[in-house]
């Protein structure tokens, strides 16, 4: 398919590369030009503007937050103004439920089609084409998106005909990961202060009931106190918990654990944690206990 | 080995049966007699008293709580008074760190050996000999215990020469499981109120980052709102969080997520949840949101 | 002074009446007309539009939330477009810090002056002219506002030359009140379940260390379980905690107690509490304990 | 009355002195002798042992915690063994509900009478005879205690014929005070980081809705960051929250705010706060926000 790709960050870079590997005709756009060159070397075309990336059957956006998506979509020469009628906008960014609703309405009004397709996985999974894709939207739009989603992920889950439901599932997934970070952080603060080795403890956990990637990945980061470089930066984690709580507030769902995570992220950021991996909230329990993890 | 086994509950029954299958000479004792008959049919000897179960090289206790262990160990005709010098007491019960310390001291004074060997796994794993054993104690005592622990579990992790560290690791593991229950409960309250199917949601989780037994087992119970019969009853869950918090308090480790779990269990028990599985705390977020999970 | 007054709710009605009593020339505007008549009977002029209420030296707005203020101020024929150059906009509504910043900038651009003057007190205090006013803004604007603020309150506190600081102090005050509600709610759940009389307990509290109006007022509502009619409705309380948390997030200040209050309000609203007084969150601890307060 | 007084700490010293001023015949006992001399100078008799302080019509105990009370009451030569039949034990210590129950039973068995009479107020109120006394026990025992309680306090509240209810009310009162400390701590972290002066803020609070001693006293300590010397030391505050939560657990009353306070105290103590006033938990919100209060 002829597809545009906007947003070449840690995740987008790998996703666009896999679209190329999948045989698609990919035009890439990024605010800073350096990343674009790398993809041109892999066979992509470079777009000089957002509008240039919106000339095909579809455009995929993978941006940092609501603000970036709003700017790319709604500004003059943005996606809404540039995408042909009937073409697809596939939004893979982790954005708010409210913005997803707004995007759905704006695209419908412009005669375009909109699919929310956020992804689970860290940059290495994006590079390997091993992401999990959570897709939501109208049946025809999902059908049309399938070849693209297949190229970037190992599996696509269709959760709803309402795009915003896809975004909510994604947010809730990040909430669950952050919950694991907090829980493991508290447990390690406890057993660590009692003198048990954190690394061995993690091995026990992950070879028994907690044999899942999320415990292995984040457990190791916490056990080692290794939060740089950030695979997923703390401000993004804070944003996702904020969006989770905002969606929960609209639905009137109290989420005390999400509230705790919110406070953890604020504490981390108030102490200069902007550059750290979001798993650094997992060291706060030990700090409160007067310990250091490293 | 000639070994006594005291405490034939959901877990103990399977553990004692696997000792028999492992070729050990097992004498079983239980407060209520019915369970004893089942094991005699499998080759065990029945003990008329606690003391009668303490005539061998070792005795294993698998009891409900601190009170039960104290009664069996410290009363007249109890384990301390009956076990031969040099023999082993292997405590697999989930008990407090404080009681573990007290047991270690009392057995040392009586010239006996003490090993804490709490286990991870639900009754089906106990029946299948597939428990994970977390063992802690003096090196010689652990060595002597190995044939027995091998019979009841698929793997033994040695964490410390201080028995209490084993109990703390066990408690922290139950804290981590309860954290999963809470997190999944909140996430399902959120996506459920937004109209996403809970079962499909669970499938997404467990086929991606959360591919671990604990998410599958408890996620399904929460998605289905099926909390009876209890595999592990709510009062036992509440007890373990209480003991976790007590240990954390002694070590001066604040654990806000454990505090949240404490309040969840109290809420559940205040509403007649004594007979429910502990995963029933996973429905409280939905209840607070004005929803029901079933 | 010649002053407009926009927003004749529970609070605004009393405030406008006291401006009249203070000898000011008051033109009132309200979306629904009924309330206007009552004030015309007391000597006010009725305005047919927002613009009509903006012909004097000052206009005071006392509206329910950010949305209402935005609509009255920024729409065509709104305050910004209608107020004479140099005239004052005194905003007494409890609004977000972010909106206060936006109002300050917009009025400055339009050559008008802006003062934030939120108030403490319930409708009876508004009617009696006994409110406490927290004022913030430029020195000259505060000076010019003084005769009006004196008419509506018993005392004015000047906290900053930045209007938004006034709004933050107001929000923090409501957070503190809600904290009292929660604390007293938990304490009464505890002693009530132990059989101590809630009313007598309140008398002990308020005749000793807790001899403050806030304990008397809200303690009595909680002890009696009397949450209707609402003096200050639950959705307004929820809004203020939301705005407090939003300001705290911008400043990176974790507020776990505010987070708890947030969850309490969501629980209340999820169970149909929209018409109740905000002190109804004070019964949730007893409900969680399986008790009812009435 | 002829009365013994055991426990001459910050509080007991003033209480015993007021019993002397009230004309009572007071025999004092303290583990360390220095304090005793001061009271002998004021007319008291010195007791060489606990038993010597139990020869009169009543004995009052004012001790630091459950352990101290258990030791003084139940050991050989303790209160139970020494007090004449029919004589009174008035326990003013802040102790657990469980110990209060145990004391009631033990005194009944020994033919003695037991009254719980915990007090509200700091050392200066104790010295001034201005404490508030919360008394609970059998009617005749309360009647007999009245002259003594009148001497130490400005008012006595009778809350129940069950002594333990008096202890619960006392604990709940300390929970409420700690809640104020937390709430004010969070509010000051917020407005302080926004540049509002903490002292002026406190003045606003305490001259409006929060015109109570508890806000003035603790608000000033937090605003000034002055936590030494301790009027009431942090470990005592932590103990009282622990006892509140223990009583709440027995009654199955979830208290999330008390749980938060628990974690605050553990954080404080884990960072060397043992010598600080308990209001030092009120600086933790500012610390989490990256600020210091001083």
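Going in written order, the chains are labelled A, B, C and D, and every chain counts its residues from 1.
Rule of thumb we're sticking to: contacts are C-beta pairs under 8 Å (C-beta built on N, C-alpha and C of every residue); 3 or more make two chains touch, one makes a residue touch a chain.
Chain-to-protein mapping (UniProt): A, B, C, D = NAD(P)-dependent oxidoreductase.
All values derive from a computational prediction rather than experimental measurement.
Q: Going by C-alpha centroids, which chain is farthest from chain D? Tell me that one.
A: For chain D, the chain whose C-alpha mean is farthest off is A.
Q: Report which of B-D and B-C is connected by more C-beta pairs in contact.
A: The greater number of contacts lies at B-D.
Q: Could you grab the centroid distance between chain B and chain C? Build each centroid from C-alpha atoms only and quote it in angstrom.
A: 52
Q: Just curious, how far off is chain D from chain C if you go by their C-alpha centres, in Å?
A: The answer is 37 Å.
Q: Roughly how many whole angstrom separate the Cα centroids of chain B and chain D?
A: 39
Q: Using the touch rule from the top of the page, what residues of chain B touch 2 or more other chains?
A: 248, 252-256, 260, 263, 266-267, 270, 288-290
Q: Write out the stretch or stretches of chain B touching chain D in their complex.
A: Those residues of chain B that touch chain D are 242, 248-249, 252-256, 259-260, 262-264, 266-267, 269-270.
Q: Using the touch definition from the top, list the residues of chain C that touch chain D in their complex.
A: Chain C residues touching chain D: 120, 132, 134, 155, 157, 159-160, 162, 164-165, 168-169, 172-173, 175-177, 179-180, 182-184, 186-187, 189-191, 193-197, 200-201, 203-205, 207-215, 244, 247-248, 251-258, 260, 285, 288-290.
Q: If you look only at chain C, which of its residues touch chain B in the complex?
A: Residues in contact with chain B: 256, 263, 266-267, 270-272, 288-290.
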